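The two complexes that follow have subunit A in common; it is paired with subunit B in the first and with subunit C in the second.
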Partner chain A sequence: MRTDALRLMAASLLLIGSTTDAAGTRAIADAPLQITIPAGELASVLPPAPGVKTVRVAAFRLDHTPVTNEQFSRFVAEHPEWRRDRVAGVFADGSYLSHWRSATEIEPHQRNQPVVYVSWFAANAYCESRGARLPTWHEWEYVAAASATEQDGRNDDEWRQTILGWYSKSARHSLPEVGKTPVNYYGVRDLHGVIWEWVDDVNAMLVSSDNREQSSPDALRFCGPGALTMEEKENYATLMRIAMLSSMQANYTSKTMGFRCASDFGTHGRNKP
Partner chain B sequence: MNAYVRLLLCATLLATPALQAVASHPAESVYHLEASLTNQTGDEHGLDIYSGNPVLITMFYGRCPMTCPLLIDTLKAIERSTTAEQRARLRILMISIDPENDTPEALLQLAKQRRIDLTRWTLARADERTVRKIAAVLGIQYRKLPNGAYNHSSVIALLDPNGVVVARSSMIGKADEGMLEKIAKY
Partner chain C sequence: MKRSLVLLACVAALGMSACTKQHAPQIVQVAEADTGGSRRGDFGPPIGEPIRAVLTSPPHVPPPTNRTHPARVIVELEVTEVDMEIAEGVTYTFWTFGGTVPGSFIRVRQGDTVEFHLKNHPDSKMPHNIDLHGVTGPGGGAASTFTAPGHKSTFTFKALNQGLYVYHCATAPVGMHVANGMYGLILVEPPQGLPPVDREFYVMQGDFYTVGKYREKGHQPFDMQKAIDEHPTYVVFNGAETALTGPKALKAKTNETIRMYVGNGGPNLVSSFHVIGEIFDKVQYEGGTRFQENVQTTLIPAGGAAIVEFHTEVPGNYVLVDHSIFRAFNKGALAMLEVDGPEVPEIFTGKLQDEVYIGDKVASLASVATAVQASAQGNLTVAQQIEAGSALYKGTCSVCHQDDGAGLPNVFPPLAKSDYLMSNPQRAIEVVLNGLSGPVTVNGSTYNSVMPPMSQLNDDEIANILTYAMNNWGNKGPAITAEQVAKVRATTKRAEGAAH
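What follows is the complex of A and B.
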């Protein structure tokens, strides 16, 4: 009797975080499963400082798919201060969750679609509720540099073409469901070809290399990615991300901007049963 | 029944001040952000420490060699350009983006060095995640460099008594006229 109960518990634990059950139908996990990403170095398109080429990324854990409408709706149910009819404007603009049926209900077809029309503050609050956080830009870029077979596939012309092909198809009426794109080298999906994603340090991307330049601080703050010392300019897809993120205020929402969460290695967020 | 109504009325009256306190901040107020700050004497408070007063708010770091001393100079220049009445109402809140080094002791030392009037100014620190959120509500950008220094936008924002950003200035070294006009309104 006791072993049966234990076995049942073990079985249900195995189901948590899995996206596909034995019958092959999608089982909705409360939160996306997190994948461990080993430490490494990245030649970032956004170098940390002038003259510094590579960024050291510590081991961390990353959701293998973006957060879905259904997952976000559970968060909103538990944290009503994040309902679209209650949230303060300073945290989310007027379009926040405007695609949902109501302040608490989603449309059935939206269940497995990535949640969009979420602000940086809302994305942050969701991740914190899981004991997690948003990935930093360098963490995101590090994992997004991987192709299906290589840790850094950015110099692979075919991979680059595949990515650009996805971006050129972006004018969709309906977002695809999460988890439908191929896994990359780490086992992570949907980094390209589905949505734009918030990062933790979104307000760190436009800082000029030296703010002691007194000439025109506004030009430095607002002239876009041109203000950055960016490398690897052939990586258009990544540069588009930076341009997009740089244009967002933390309370903005958009119909193509969603997110996924990350955790420090060893302190992975709770996947609530 | 009567007792029930009285109880209800009593509960409503008790609840009202709390409700009003929450509802009094407009939707755009940065005071909606729950942020735990520690000031230069180790006291904890929220972002709304100066709620009810106009506040000049900015972000800096103590070890900053150039811009941050200039930021303090600029804040003092703005103060000097206000009338005595305006100055009596105006408060200044400087929040560090470098929680590792800007301990309350370091902040107090900086305040003494720069002869900052701590009856109207507060220098504060918060943990890294809170700093990121405060920067986000204020629209301030910053980035830690590999050598431990920071890049940050030198923005001074003016909050109205409800915590709504009503003016922003990147002008460093002298008082921004537009900012002074706004201060005169509160």
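What follows is the complex of A and C.
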């Protein structure tokens, strides 16, 4: 519910703010390729309701890598209302795209690095401009549960430890380029070990900011469909991702938070009007 | 009588939440001997301009507040994720409150209103928050301070209860945030302050879980499975094995009163905190108001603290340990307090005499007798020397340097493959004869212990022991002769405390 409200707000403000290309849907060349993800079931760490163990995920399409600075800079060029010097503060905080050389230019070495310092609003606008959308948490989690060989690799200790290895490195280091990690079971890359990623329903999956409040959850914060309980507490890697998403407001940006887009199955993001 | 029965029933029913506040009998009364806890902790609104709290890095403690009125105290704490050494040559990504493990020490007075600013550095990968055990209110401030990287949160609380409290991060997964070093201490002084002492120190224990083994070099990531199994790789004071040893040892003088604020961040282990060679005159166990006197070892729970006090009389090195003792010698839970001052032999003499006591090992000393005889006859072989030296070593040296010559990490230097021993036979003779105290570097590690003079051993014995040590455990060195030892003995001044 809150997500829809945010989107409406974004859309209406965008219409006011944009001077050209008001529909905001012109195709962007050189967007990441999308991979078709078959439908399936997922034992989510955020089950939809108490007692419900699995989530049904419909077939959809997902970018095979995160969106890069270069791709996002083209979007900004075509949608100048998303320049860091023009964006409204309600859509992006003061750090938005602060790593770029200027409001329109990126540093050469940033070209193939995943774009970070983007707000949920900006990520959402980018995907919409491609006729796509952000993946939902369950879609993201479904694909990210896959190891290189298993559809659900989450019980593989070694694989889990590899993911945790990323958390053991501080964010001071430069980000790697996209597409350098091995493909997973579905042919998707970089879901782990590169950046955090925005999801569409980030506001609906809020975990309590004090996750020990198990017995008397604050009903308001737990209103979303996914936040009733947290399963698989030993799956620290996923837990940390949820905690990170929970700490972010939709206009927040961070040095390690980027995104990728998804599309419904049967549509093709780039060509959709 | 009836009332207390009702209360008992109520307490028993608490688990089923049958006992609500309205039904609970009001039997709580503040006895005169009590401090009154939080009910007597509110001294009214803050007076005067807001005060910026002095925060200190361990092992330092901020000065007393020296205030007689409640104030508004501003605390600014920055969370950073930094790579630091946990042991020599071993780095770990610590998540810190203020750049250190444990985090900055916070000192306020009971009744103060604390304006708390939690800043999460933009380079952080994680969101963080803080739960201060000294806070009265939900989550101890955790939900109020949940902060994304590059953001800052503020909340205010009144410090109603005096005492020493742990603070820690409570962001999911809590265990991992704590295991990475996110804890520290906040002292809420009683309104009258604490009695003055000569020195205050801030020491906090924590257990750490790395993928690599203890002291395995390089950058070591967090090992989730070891943490869940509660099998720590390291148990250390102040975030590193070497945080309080060698040049970084705590320092004091004789005839001083020392107060230590000792916390335990956990995440898992309970500490058996002990200072070797001292007795705590006072322990405010669990950080509370009452104290126990004359305590040898005090338990400090994970997420708990204690205030310990003792008076120094005798100079020397005092070793702080977790007396769950394998943690001290095999996981790093060792810290050093160096006390400087004149000897006080009427209290403690130091070693007066060290003689070989062989128990039932008489038979093994046959080789010593053989060597003595051969030496007298002038046909002593190196093999005989080594054999005799081996028997003497076991009776005299192995207690510290160990049977395998490996010594004890951080405490007693190794003799096996020791650059210090092998590079200078002359010095080795001097050390055995005169003892050695103060820092020495052996194979790149610094040791700061005391070896008593072994001048009670005769020249033959010292020659044989050294020949054994320098030609064993992979060492290949010269044979030392009794003449060499005699020469050193004659030319060096007898060290103080030497037996003969």
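In this section, the second predicted complex is superposed on the first by the 217 of 273 C-alpha atoms of A that agree within 3 Å, B and C clash if a C-alpha of one lies under 4 Å from a C-alpha of the other, contacts with A are read in each partner's own complex, and residues count from 1 in each chain.
Keep this in mind: a contact is a pair of C-beta atoms (placed from the backbone, for glycine too) under 8 Å apart; a residue touches a chain by one contact, two chains touch by 3 or more.
Quantities reported herein were computed from a predicted structural model and do not represent experimental measurements.
Visitor: Classify the contacts of A:Trp120 with the two partner chains as first (subunit B alone), second (subunit C alone), both, or neither.
Guide: Touch status of A:Trp120: first partner only.
Visitor: A:Ser247 in the overlay: touching subunit B, subunit C, both, or neither? Say first, second, both or neither.
Guide: Second partner only.
Visitor: Please indicate which partner A:Asp157 is in contact with in the superposed arrangement: first for subunit B, second for subunit C, both, or neither.
Guide: Only subunit C is touched by A:Asp157; subunit B is not.
Visitor: Once the structures are superposed on A, label A:Leu239 by its partner contacts, choosing first (subunit B), second (subunit C), both or neither.
Guide: Touch status of A:Leu239: second partner only.
Visitor: Looking at the overlay, does A:Gly165 come into contact with subunit B only (first), subunit C only (second), both, or neither?
Guide: Second partner only, subunit C.
Visitor: Determine where on subunit A the residues touched by subunit B overlap those touched by subunit C, and list them.
Guide: Correct list for subunit A: 207-212, 249.
Visitor: Quick one: in the complex, what on subunit A touches subunit C?
Guide: Subunit A reaches subunit C through residues 95, 157, 160-161, 164-165, 167-172, 207-213, 230, 233-234, 236, 239-240, 242-244, 246-249, 252-256.
Visitor: State the interface residues of subunit A toward subunit B in the complex, per the touch definition above.
Guide: By the definition above, subunit A touches subunit B via 48-49, 52, 88-91, 120-121, 124, 133, 200-212, 214, 217-218, 221, 249-250.
Visitor: Please output the residues of subunit B touching subunit A within their complex, sorted ascending.
Guide: Those in contact with subunit A are residues 25-30, 32-33, 66-67, 129, 132-133, 135-137, 139-147, 151-154, 170, 172-173.
Visitor: Help me check something: in the complex, which residues belonging to subunit C touch subunit A?
Guide: By the definition above, subunit C touches subunit A via 81-83, 93, 122-127, 129, 131, 138-139, 142-143, 146-151, 170-174, 176, 211, 219, 221-225, 228.
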